[in-house]
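Okay, got some structures for you below.
What follows is chain A paired twice: with chain B in the first complex and chain C in the second.
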Partner chain A sequence: MSVSVIEAKDLSKTYEAGRTEVQAVRDVSMTINKGEFTAIVGPSGSGKTTLLNLFGGLDTATSGSLSVVNLDISTLSKRQRADMRLYYLGFVFQAYNLVPVLTARENVEFVLELQGVGDERSDRAGEVLEELGLTEFADRRPNELSGGQQQRVAVARAIASRPRLVLADEPTANLDGENAEILLTMMRRLNTEHDITFVFSTHDPRVVAYAQRVITLVDGCVDKDEIKNAGSC
Partner chain B sequence: MKINLSAKYAIRSLSRHLRRTILSVLGIGVGCGLCLFTIAFIRGEKKMMIRAAAESGAGHLTVAPKEWVNTRDNDLRLENWEAKRREIAAIDGIRIVTPRVQTDALLAFGTRMRGILMTGVDPPTEPVANRLVQKLVEGRYLESGEIGTVVVGRTVVKRLNVALDDDLMVTVAGQDGQMSSAMLRIIGIIETGSRELDGTICHVTVEQVEKLTGQQGATQLTILLENPKSLETMEEQLRNRMGNSAAVLDWEELLPEMAAGVEGDETWSRMIVLIIMTVVFLGIASAQLAAVLERRREFAVLSALGMKSGRLVLIMLMEGVVLGFAGALLGLSLGAPTAYYVATKGIDFSGLYGNAEMSMSNILFDPIFYGDFGWWLVPLSFVLALAATSLSSLYPAWYAARTDPARALQVEQ
Partner chain C sequence: MLHWSTIRIAWRNLGRNRKRTALALLAIAVGQFALLAANGMMHGYADNIRLAITGPMIGHVQMFAPGWRDEQAMDLVLTDLSMKLSVIRTDPAVMNAGARIFAPVLAAPEHDAFAAVVVGLDIPVESQEYGMLSSMKESLGPKEVLVGYRLARRIKAQRGQEIAIVGQGADGSIANDLYTLRDIIKSPADIVNQAGIVMSLAEAQQLFVMPDSAHNIVIRTKESDQADDLAERLRIQTVLSGLTILTWKEAIPEVVQLLDVMDYTGYIVLVLVMIAAVAGIANTLMMSTFERMHEFGMLLALGSRPGRLVEMIMVEAILIGILGVIIGSLLGFGFVLGTSRSGVNMASWGGQGEMEDLAYMGLNLPLHVYPRLEGGDLIGGLLAVAVVSLVASLWPASIAARLEPMEAMRT
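Entry: the complex of A and B
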């Protein structure tokens, strides 16, 4: 039996842009189970970022219900949503994910410090970087890393706190094919080895190929929801 | 020991924008230094004014009849003044006690005359207690128990068109309203450099006043302390000793105008400090706000990772504290040497007053003003700088904390 990590029911988000209203997400219902590796695709403006922000509690829905890691988001305060992200979720964005003045290791450590991890956080950060083959970059600052390396450090940071769910908004958009492939392979490995659920948005058909499940959004609505054979690429 | 990552983060963020940080530190340092200098100068000025007042005849403390405090009636006399004087002189920490008695007098020479407040003094102790007497330029000062002699200021001499050894006709109103006159020889002339002050000086012996007014004794005992800092405890002690027989006044009560002047200067210095620190505060606040705006995305990412606003405010405050610390050190390195210079070399204001000595309410001031200097500059500098920077970090911190992360992530992506 699979355990759900995200459960959305009739989820909608409406933005007010001047006089007009933009329905970025409309009546989205979906369940994402533990261990899934899901891609959210769709044309620009179809609501991918909005949906991921709702999942992460960075934005609040206009209507509908949403439960993430078994927490009913609508009942959580801003502070509780921050705690939910800190302890259960990881985030990766398109670019500029890392704190520029901290080294790769310190970026990872920072999240552990926020969690209240004590003296062992430096070692733990080192272990995570090592596991992902990033040891040689540990003491470099983001501006001394390539875009691909930065994104890999960002993934390391996202999983350092052993989250249940990692949300990634177009993590490969700024990467070339080779780096996109390295990143996706890494994410997939973490998905299978640590049973971390991944939900990522993308435009790139080559990235989509890595996904186990592909949800297509059009105009804020779920247009297609296909489950492929696990691990096929 | 590992330093807290948030602190590392704050410090590195400051060093990342080194130019802006240096400018901020310069601003805080210069502002702080100016404040230190102003405060040191005004503190020194206050000390000097008190000293000038005390040594221009007002003393640190004055013992006078109770009734005199409100009436300032010169016909009043202290009970047993000689016994009181002996008692006070025996107290530890008293530099000098000298008696005074004053009466309104009319000085006349030929067809010229001039009204003046004549002071009866004790010749051996008066010069110690009164720096004006030390400005004797012609003749000699009074001698104990002397009758028939007077020492006057230069302006009196000029107005009456007299010279040393001339005899002045002095008339006073006696106890019962009867006129009483005497011929007094000018044996000494005092020139303080202040024309106004020199017009008020007319010293005779206590005995001379007794003889003219027909009233025995002195009205006041003027006291100088070894250490002006002991003023309050001494005042307390004297009040206890004098009990009901006499009042004890400090210089502020004796010279309310001067006290108001000193307080006015202190108010000014506080205003100046407030204005400077407000400017510093606004400058730092805008620099920190710019720093926050620049890092909106960075903060949004961190808040997406679960950082709470408290931590963000803490990081901003740390940046403020680091700036404040550096600013305080710079402020000290600018302010302390200037304060030291002014405390040791002084600032010469004589040019401003046409080389004349300065006077106010019958007090002779040195034309060179000395500031104060001491270890208190160090904590003051840190308090000023840290208060300004931590307060000015609060608004930017609050602004950053309430920024919507979803918005901030969107804007620059």
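Entry: the complex of A and C
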């Protein structure tokens, strides 16, 4: 039996932009199960990032219900949402968003420290960096790494805390084709080997090819929800 | 509990905008330097005042006949002087005790007569360190006197010259005699420099008909803090009963107040240091916080608690404060250490080369100051900057504490 990681029902998000209201997400209902490798696609302004932010507890829905890792987001306080992100979710951002004054290893260790991981922190960070082929760059700061390397460090940081769900917002947007493929291959491997659920937004057709499931958003609504063959990459 | 990574991030953040950090450090360092330098000078100058008071003029404890201090009448004398002095000198706290006679006279080196004051002194006692004649190496012979350098200039007196002195004896008789000017002196006591004709106590006792008598006794203690206890002990001595016995603080409360004011000056400088530090740190932290909004948003998105961001900003503020204090303290200590032996000639600051000393209430206050520091000076600065650092970080920290991850990441 499939275990759901995300359950959204009639989820909507409306922003106020001056005097007008913008409906970024409209009545979205979906279930994402454990171990899925799901792409959310759609043109700019279609609501991809808003939906991911809602899934990550970074934003609150205007209406509808949302359960992430079996937690009803609407009932969580600000602090509980922060704890949910810390212990159950991993984030990969479009612009890498590493702490610039920390080395690659320290960036990975930082999240583990937030989690309260003790002496094994350094070993775990080392293992994850090795898995992503970053051992030789472990002691470099972000400004000493290429874009592809920085995004791999961001992925390492996201999975080091052993999350149930990784949310990635346009993870390949700033990468060239080669680095985008390397990153997606690694994310896919982590998905299959560690059974980590990945949900990522993209409008890059090359990236979509790696996804098991592709959810297309148009004007904030789910236009298509396609399940592709497993291992389609 | 403070996290190691917080300190690491805060420390490295200081290097992100080095010019801005350097400016903040400079503000604090200059403030701390000013605090230490000003306090060092202030302590040195207060030392000068204390030495001028307890040394040549007032001593640590002094005694005289009731009413003499106000009237300065010739007949208000301390009798049985030898016995009184022997009792005083047996007290273990007493370093030395010397009797003095002060008598207004007319002095005539040639044809014209000038007003002056004969000061009869126990020459061996007053020649010691901090005495009225502390610079004097030789003793005075019979019928020999010394003249203060300003009086000598005024009356055009010269060494070896004869001076006729006319005054009133303690018994009301006319006191007059002819003396030889042995030397022109510069004394730590302004009254001697301005109007003093110094002779030995025995000579003065003879001239003014004051056998075994004097107008006051000035006592110096071995340690300056022994004055109060010594005065208490002397007040219960039978042989000294009926005399007015005052410690230096009781004798000149105005100067004690002046010393207190000088201490307060240190606090004023401290407040200025704090203002400079607040401005420097707050400015740096505010700019740094606004620049890192996106980063803070990302940290919140990852699951950081707002308290962690507050901790980060506060640690950064404290690091800037500590670094600034260290730099300022090194500069301040360097200044005080470098000038503590040679001293600082404050007279030269005003461009008045001739004005080497400042006279205040008959005391000659040297303007050559030897700076020194007290333990509290450094601790005061450290505590002030620590408090100020925290205060300066409150505003940016409160901004960080209220951040919403998405809003912050959009900036």
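Some points to look at:
The rule we apply is simple: the second predicted complex is superposed on the first by the 232 of 233 C-alpha atoms of A that agree within 3 Å, B and C clash if a C-alpha of one lies under 4 Å from a C-alpha of the other, contacts with A are read in each partner's own complex, and residues count from 1 in each chain.
Quick note on the criterion: a residue touches a chain if its C-beta (ideal position, glycine included) is under 8 Å from a C-beta of that chain, and two chains touch if they have at least 3 such contacts.
Quantities reported herein were computed from a predicted structural model and do not represent experimental measurements.
Once the complexes are laid over each other on chain A, chain B and chain C cannot both fit and instead clash. By the touch criterion defined above, A:221 reaches neither chain B nor chain C.
In the superposition on chain A, A:117 makes contact with neither chain B nor chain C. In the superposition on chain A, contact of A:182 is made with neither chain B nor chain C. Look at A:94: by the touch rule set out above, it reaches chain B but stays clear of chain C. Touch criterion not met for A:76: it reaches neither chain B nor chain C. Here chain B and chain C are compared by how many residues of chain A each touches, and B touches more.
Superposed model on chain A: among 167-175, 221-229 or 239-247, the stretch of chain B in collision with chain C is 221-229, the rest showing no clash. Counting contacts as defined above, chain A residues 53, 56, 58-59, 79, 82-83, 85-87, 89, 91, 93, 97, 99-102, 106, 109-111, 113-115, 157 meet chain B in one complex and chain C in the other. Taken together, the chain B residues at the contact with chain A in this complex read 2, 4-6, 8-9, 12-13, 15-16, 297-298, 301-308, 311, 405-406, 409-410, 412-413.
Residues 53, 56, 58-59, 79, 82-83, 85-87, 89, 91, 93, 97, 99-102, 106, 109-111, 113-115, 157 of chain A touch chain C in their complex.
If you check the complex, the residues on chain C that touch chain A are 3, 5, 8-9, 12-13, 15-16, 294-295, 298-305, 308, 405-406, 409.
Those residues of chain A that touch chain B in the shared complex are 49, 53, 56, 58-59, 79, 82-87, 89-91, 93-97, 99-102, 106, 109-111, 113-115, 119, 122, 157-158.
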